[in-house]
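Same chain, two partners: chain A is paired with chain B first, then with chain C.
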Partner chain A sequence: MKSPLLGRFESPHEKDKRILGPLQRISRQYRHYLDSEEVDYCVVGVGSAGGVLLQRLAKAGFSVVGLEAGPFWDPERDWVSDEKGSHKLYWNNLRITGGEDPLTFGENNSGKGVGGGSVHWAAFAPRFHPSDFRVYSEDGVAVDWPISYDDLKPYYELLEREIPVAGPAYFPWGDPHGYPYGPHPLGGVGDVLVKGCTKLGIRVCAGGPVAILSGSHGNRPHCIYRGFCIQGCKVGAKASTLITHVPEALDYGAEVRELSMAFRIGMRDKDHVNGVFYYDRDGHEHFQRAKAVIVAGYAIETPRLLLNSACPGHEHGLANSSGVVGRYLMAQAGNVVLGRFPSLIRMYKAPPAHAMTEEFYETDPGRGFARGFAIQSVAPLPIAFAKQMMTAIGAWGWGMRRVLMDYNHWATLGVLGEILPWPDNRVEIADEKDEYGIPVPKVTFNLHDNDKKMIEFGKKKVMEVMWAAGAEQVVQESRYAHLVGAARMGSDPATSVVDKFGRTHDVHNLFICDGSILPTQGSANPGLTIQSLAARTADYLISQGEKIWTSDKRDMTPPPIRRHLAVRDSFTKGVPRLFR
Partner chain B sequence: MVYQHVRDGRFQRSLSLISALSSFVSGLEVAYEHYKGSYSNLIMYSPVILSGVVTGAACCAFFSRRAAENVLRVTSAITLADGIIGFGFHIRGIQRKPGGWRLPITNIIMGPPIFAPLLFGTAAYLGFMASYLRREEDSKYGHIRYSGWRRELNEGRFQKHLAAVAALWTLFSGAEAWYSHYKSRFRIWAQWTPLVISPIQLAACIGAIFSERIARKMLPATSVITMANGGMGFFYHVRGIVRRPGGAKTWLYNILYGPPVFAPLLFAACGFLGVLASALRREKR
Partner chain C sequence: MIETQTGEQLLPVDPTTKRPRKPTRQPGYYPGYSTMSQKNFWDAATRQTVEKRVYDVPEIRFFSPEELPLMQAVCDRVLPQHDRLPQYRIPIVNYIDERLFKNEIDGYRYEDMPPDREAHPLGLKAINETASAMYNKPFLDLGPLEQDYVLKSIHDGEKKAALDIWSRMSIQRYWHLLVQDCVAAYYAHPWAWDEIGYGGPAYPRAYTRLENGDPEPWEKDEQRYEWEAPATSISDKYEESAAGAGTTHHGQGGTH
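Moving on to the complex of A and B:
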C-alpha cells in the first residue's frame, strides 16, 4: 500500500509552518523589525502576561516586539509526552537558592520558551477573592492592593472567556460566579477529593475551574484526558498563550523574537528608558530600540533584569529607589498529601487539576493564623510521584520499586496555602555568572510563624479529607508552588516598585507586568490573575496612547475595558452564564 | 375504544401530547449533553431552543386543530432538519478528534454521540406525523382529506411506515446503548439487556414492515419487553447517579457525568412506537 488509508499523514517538517495542535497551524513568516527601528513597545518575556500584552497592543495597532529567552515552540516537533523529556519547558539556567526553607528551581515554578509557564501549568484558573485585595485592612498582615477586586473583575470575566476556563455553573467561594465552559469529568483523584469532602460536610467543586477545554473551541479540540498536561499539551486543549494569544498577536503584526536573552535595559536619561540590550541565539549582543519597555519575566527574572540594569542615577538597580525590588517574594505552600486506596485510582488519567475546595480560604480567627489555603487535586505522573514518595517515606531501592508498582492505588491532594509577603524573602544578584556572562539571581526564602501554622493546619486538614475518603495509608511531602512578588505594586513609591497600572514609580516609560507585581498571593493559582492584570495594563496603555512616551505626567484614571480586543471567537462560544 | 381511535388515525391530540413530552425530555437531555460540550459552537443551542418550540407547538396542537396543522407541522419539520444537520456536525466532530476516522472505534465511542441528533429528531417526527392525523373528536369518516401518503396518515393506515420509524429508532438507540455501555465496560450485567433486546425489537420492527402477522403478534410482545427494559434502565441510571462520589450533594455535576438519566426512556419509546405500530392499520399498497 503506497499511501495510508484516508490519505497521507501531514508532515511536521514542512517549511514555513508551525503545528500548534492537531487543527491549529500558523505560518513562520511574520513581521520582523530591525534593531535600529524604534518600536512602540518592547516586551521582555513572552509568557502568560507577555503573550496577552503582545496580542492586545498589536491588535490596537502598536508596533511591538517580544523578546523571549527560550524557543518559539513547535509542539508537534518539540514536545514529547514524557516527564523527563519535558524538562526543557522549565527555566534550567543557574539560580542560587538559600535561606532556612530554600525553594527548588528548574521545576514548575518557572518557564522558558514562548508561552512561558502557561505551557506547563496545570491550568487551575480560580479567581482571587475580594478579600485578597484588602489583606492589611481585614487581617492586619501583609499589605493592601492599590486596586480592588471590582477593578479586576471585568478582566477576570473577559479572560475566562478568552482562554477559556471550564468549571461548574456555580462556584460558591469569594465572589460567586459561573464558568463559560462546562465542568470536566472527574478522574480518580477528583473522586477522592469529592468523596472525602462530602463526607466531612465540606463544600467541594468538581470539574474545574481549569483552563482546559471541555468542548472544542474553534481550531482547538477538547481535552482527551490523556494526562500529560504539565508536560505541554500536544492536543491543544490546555490554554497557553502560545496557542491562545500569540497566534493572533502575530496576525496583527507583532514580532516574537525567540532565543533572545535580555540582560540590561537601556536608558535615554535618568527618567526614561530607550530600549533593551539582549543576546541572540549565537551570543551576539543587540540593542532593540523602543519607546517604552514592559518587563514580563516573572518573579525571578524581572528583579534580576532590573537589578542588573543598575546605572548612574539608579545605583541599586533600575526603579529601585525604594529598595523593594527583589523583596517580598512569595511562594505558595504546596504540601502534597498522598493516600493509598484499596481500589484503583489511576492518577495518570484526566488532567491533574480538576477538583478543589476553597472552604478554608479566608481568615478564621479560631485557627490562630491569618489567611488560609485551598485543597486541590494534584495527580502526579510516576516520576514526580516517585520523588514525592522518596521525600514522604524515604522510599529507595527495592522499597521504591514496590511503591511504584503500587502507583495505580495512590491518590494525591495538595494544599495551596497563602504564605505572606516578607521583606527578607528576596531575590538578589550573586557573584556567579551564567553562560551568557550575566550575573545570576540568588534567592533567599524563610517561612515565618504565621506561614508555619497555616501549613501545619492545612496539612492536617487534607489528611483528614484523605482518611474520610477511605485511604488506608496517608503520607505527606512538603513543597512549594508558584512564585510571585519581588516587584510589588502599590500607591506609595517608598514601599512599592510599580503603580496600579504596572508603571514603575521611578521611570516613566518602564512597565512591569507579570506575577512579580502581586502584593499578596491569596490561595489561588496566580495564572488567571496575571493574565487579567496584563489585559488591564494593555487597556491602560492603549487609552493613554502617545502620552506614555511623550508626557511625564501620570494619568491615573482607570481605562475603559476593551472587549473588542479579546481574541477572536471569545463571545460566540460557551454556556449561558447564569451567575456573573 | 382507544384501539379504534388508533386504527382510524383519530389520535392527533394524544400523539401531540406524546410528542410534547418526548420533545421536552430530549430537550433536557440535549441541554445537559451540550452543556458538557460547553456550547462551544453557537449551533449547539439550536436543538435546545427548538425542542422548547416543538414542545410548545405540540401543547398548542393538543387544544387546536389549526395549531396542529400549521405551527406543529412547520416547527417539527425545522427541528427534524436540525437533527439531520446535527448528525452532520457530530460526524464532523468525530472526524476532528485526534486520529479522526483513522481511529473509528475510539473516536465514535469518545466523540460526540453519533446517532443522538437523529434520536432527537424523532420527537419532531412524531409531531410531524401528528399534524396529519385526525382528532379524537372527529367521527369515523369525518375530516378525511389529502391524498397519497398524507391520506394514509389521515386514515391511520401507516403501520409499515411507523414500523420502519420504530426500526430506525431502535437501531440508533441500541447503538447508543452499545457504545455507551461499552464505555463503562459493562460493569453490571443489566447493561447487556438493551443489547440483547434491541436486535430482537429491531427484527420485529423490520418483520412488521413485510408481514402483518409479525406486526400483530410479535411486535407487541417485543415492544412491551423493550418498554419494561427502558423503565428498568431508568431506575438503574438514577441509582447510578445517586451512587456517584458526592451523590445528591453534587447533583448537577453527577447528572452531567453520571449515566445519561433520560437515555433509557428514549429506548423505552422504541417500545411505545412498536405498540402503536402494531395497533395501526396497514397501508393499502
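Moving on to the complex of A and C:
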C-alpha cells in the first residue's frame, strides 16, 4: 500500500492553534504581561520544574511569567520522526567541558524550548528510594537531604497520577508501590533484559515505570510504539510539561514567554531581587519586574545565571555566600552495554524505556563501594548506535558499515549508576561569550574512587545479563546520563544554596527549583523527583502567601498538600492500583 | 561528487568466488526495502524534512577548494561507499559542510579542542602531514591501503607528524569528531535506513509488531549474504584494544 486510504497525511490548517498532539490543541492567544508590570513570580525556564510551578501558581491565583530560552513548540508542525531533524530540541549553545572525565551536553541531557528536558527524556519515572534521602547517615558518604522520603511521597503519588506513569501494579524496590496505568508491552530490548535477569535470578520489572500512556488519558492518546521518545513525542503519549502542565497554566492566566534568554537577576536591595533581565528573540534587552524570582534552568544554566548575576554584596555570584553555587554537580553513570544476538531484535520499536531492575540500587558492603545502580532498557536509533560503536569497538570504515548492517541484531542495556557529589565537579564561568554576549559555562568533571568502582561493577553486571540473555558478542560504551546538583539544598547555609523549600539562604525572595537543588541523585532517573519537588515548592509558596516576597523570616512549616491543584483528569482516569 | 579513487580493488569481495561484488543501488540484507516508499504514511513535517535531505542536497560553502578533495578522500575511507552505484552514494561531505557553514554545534566543546570550524581544517592538514611523514606523498596521491594506514594511525592516537596541531587539539577527540560527523550524515539518510533495515518514521501509523524482530507489513525480512571488505582496506579489522588505549572515551549520543 502506497498511501493511507484517505490520501497522504498533511499538515493541519488551524493557524491560530498550537497542536500538541492529535487530540490536544491550545490557542496561541493568551495573557501577556508588560515588562513594567510587576508580576508575583517570574520563573526562569519552563521545563520539568518550571511547567509544574507555572501551573500550580497560576491555578492558585498568582500572576506568573515563565521566561523560556527556546521556542514554544507546536509538536505536530515542529517535530519530526527523525533523529537528525530533532537536533533543535536540545540545548546546543556552547558549553566548555573538561576535567579528567568530561561530560557531554546537548542531546545527552539538556533540553531547550517549552517543556525543557521533559520533551526529550526517555520518560523512565521511578521514585527515589527512602535511603537516597539519608546517604550520609546510612553510608557515611555525600550528604543527607534536608527532607525525607516521607516528605516527598505524597507528591510522588500525586505526580504519578498527573503525568501519569504506567508501570506494574507492584513495584518491589525502595518503598514498594503500584502505578495508575498498566505496563507497556515489551519490545525487543525489554525482552532481552527480562530474559537475562530471569536466567540469573534477578528480579526485573517489565513495561515501566514510564511516564508514557498505555491507555488514553483525557486529550492524550496512548503510545503507538514508534520509538522516537527522545526525539520528542508527536503522539502526545509521553509526558512533557508542554502537554501536561503548561496548557492548564495558560488557562489560569500564566504567560509563557518563548525565546527569552535570561542573563541576570535584578536586585532591589542586597537581600531582595526585583526581576529578571533577559534578551528577546531579536537580541533586545528587557527587564521583567517581579515580586519574587524562581530559577528553574537545570544544573548548568541555573548556576550559570547565579554566577553571572554577581553584584555588590554578592561578588562571587548571587546566593553564593557558601561558595557552593556550581559545586557538587552530578551526572549518573550511563554506560551502555551492547549485545549482538543471532536473531533479529529491531530495537527501534517501542519506547526505549520500558524495562528495568533496581536490584542493585542499595549499598551492598560486599561490593566494596557505597550506593549502587539500576539496569534499564535503552534503544539508540541508527546515528546514536553508530556513535556508540565508534567508542565501544573503535568502529570505522568498512567495519562501521558492517556492524550497522547488523543494527537489527543488537540490543542495548544501560547502567544507571549513582555518582556521588564532589566539590570539584563544578560549573564555573568561562571567558568566552555566547551569541547574546553572555559568558558561557565551563564544566569540570572527575570520577572518584567510589564512582569508578561502582561503574566497573555495574557494567560487568549488565554484561553478565546480556550474555545470559543469549548474546553472542557483548561490548560496552562509557557514558553519562542526566545532570543534577550544582545549587544544592540543605539546612546549613554554609554548605548549601537553598533551604528545603528551594528558597536561597542569602536572598529572601529568590528561589531555585529544578534538578540543581538535589543533594544526591540515587540511581533513579530524576524527572519525577524534580516535578514532585516543584509541586511541593509551589504548595509552600501558596501557603506562605504575600509575606514571603518581603519578609526575611523563614517559616519552615511544611505546607499541606494541595491535591486539588493537580491538573484536570488526574483522578478520573487510570486503573486501580495496589497501595501498601 | 568527486571520485577520489576508482576501480575494482575498492569493492567488497564475495568470499566464495573471491570476486568483487558489483556495486548496487542498495547494499545490505534487506533487498527491495524502501522507507521512502512509505512517506505518504508519515506526518507532513517529517516527510518534508526527509525529502529535503534526499532531494535538496546542500552546496559546498564551508570547505575551501583545496580542502574539499582532501575531505572527500578522507570521508571515502572513514565511511567508504564503493559498494554503492555512484548515483546512490550519500553525499556525506555536503552535510558536514552544511553543519560547519551554519556553525551548528552539539552544545559543548572539550577544553582541549578548538571550535569545530577550526578542528576540521586543522585535522585535514594533520592528515596530509601524516601522509607525508609516512609515505612522502600527500594524502590524495596515496593508494587506498596507504590512506587507511594514515587514518588508522590517527584512530590509534599515534602522533606521527603535525605535532603542533596535536598540541592544539586532542588527536582522539578529532578522530571522534570526524567519525561522528560521517556517521551522523550517512545514517540520517533514508538510503542508509534501507541498507540496515531500519523502520524509519512511524507517526501517525505506529509500529505494531514489537517482539521477536518481526517485520511490519511494509518492512522486509533479512536476507543475509557474506562479504569481505576489499583487500585495499584495513578498517574492517576489529581489535579489542584499538580505541585509543589510555584515554577516556565517553560517548556522545543521548540514549537515556
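Heads up, the rule we're going with is that the second predicted complex is superposed on the first by the 566 of 580 C-alpha atoms of A that agree within 3 Å, B and C clash if a C-alpha of one lies under 4 Å from a C-alpha of the other, contacts with A are read in each partner's own complex, and residues count from 1 in each chain.
Here, contacts are C-beta pairs under 8 Å (C-beta built on N, C-alpha and C of every residue); 3 or more make two chains touch, one makes a residue touch a chain.
Remember, predicted model here, so these are calculated numbers, not experimental data.
J.: Sticking to the clash and touch definitions up top, decide whether chain B and chain C on chain A clash or fit.
T.: Partners fit side by side after overlay.
J.: Let me test your reading of the model: by the given contact rule, A:Val235 touches which partner, first (chain B), second (chain C), both or neither?
T.: Both partners.
J.: Using the touch definition from the top, say if A:Pro180 reaches chain B (first), chain C (second), both or neither.
T.: Once the two structures are laid over each other on A, A:Pro180 reaches chain B alone.
J.: Output check: A:Asp191 vs chain B and chain C. Expected answer is one of first, second, both, neither. What do you get?
T.: In the superposition, A:Asp191 touches chain B and chain C alike.
J.: Looking at the overlay, what does A:Ile202 touch: chain B (first), chain C (second), both, or neither?
T.: Neither chain B nor chain C is touched by A:Ile202.
J.: Quick one: classify A:Leu5 as touching chain B (first), chain C (second), both or neither.
T.: In the superposition, A:Leu5 contacts chain B only.
J.: Which partner chains sit in contact with A:Ala49 here, chain B, chain C, both or neither? Use first/second/both/neither.
T.: Neither partner.
J.: Given the superposition on chain A, which partner contacts more residues in chain A: chain B or chain C?
T.: C
J.: Under the stated touch criterion, which partner chain does A:Leu344 make contact with: chain B (first), chain C (second), both, or neither?
T.: Touch status of A:Leu344: second partner only.
J.: Would you sort A:Ile224 into first (chain B), second (chain C), both or neither based on which partner it touches?
T.: The answer is both, since A:Ile224 touches chain B and chain C.
J.: Go through the superposed model and pick first if A:Arg402 touches only chain B, second if only chain C, both, or neither.
T.: In the superposition, A:Arg402 touches chain C alone.
J.: Once the two complexes are overlaid, how big is the angle at chain A between chain B and chain C (Cα centres, nearest 10°)?
T.: Once the structures are overlaid on A, chain A sees chain B and chain C at 90 degrees.
J.: State the minimum pairwise Cα distance, in Å, between chain B and chain C in the overlaid complexes.
T.: Minimum C-alpha separation, chain B to chain C: 5 Å.
J.: Return the residues of chain A at which the contacts from chain B and from chain C coincide.
T.: On chain A, the overlap between the chain B and chain C contacts is residues 4, 22, 185-186, 191, 224, 235.
J.: Taking the touch rule as given, give the residues of chain A at its contact with chain C in the complex, in rising order.
T.: Touch list, chain A to chain C: 1-4, 7-11, 22, 76-85, 87, 90-98, 100-110, 120, 122, 124, 185-188, 191, 224-228, 230, 234-235, 334, 336, 343-346, 348-350, 352-353, 376, 378-384, 386-388, 390-402, 404-408, 412, 414, 416, 442, 477-481, 525.
J.: Considering only the defined contacts, which chain B positions touch chain A in the complex?
T.: Per the stated touch rule, the residues are 35-42, 93, 96-98, 100-102, 110, 245-247, 249-250, 252-253, 256-257.
J.: Would you pull the chain C residues touching chain A in the complex into a rising list?
T.: Contacts found on chain C: 12, 27-29, 37, 39-47, 49-50, 53, 77-80, 104-112, 148, 151, 155, 176, 179-180, 183-184, 186-188, 192-193, 195-215, 218, 222, 229-230, 233-239, 242-244, 248-256.
J.: Along chain A, where are the residues that touch chain B in the complex?
T.: Per the stated touch rule, the residues are 4-6, 22-23, 164, 166, 168-169, 180-183, 185-186, 191-192, 194-195, 198, 204, 206-207, 213-217, 221-222, 224, 235, 572-576.
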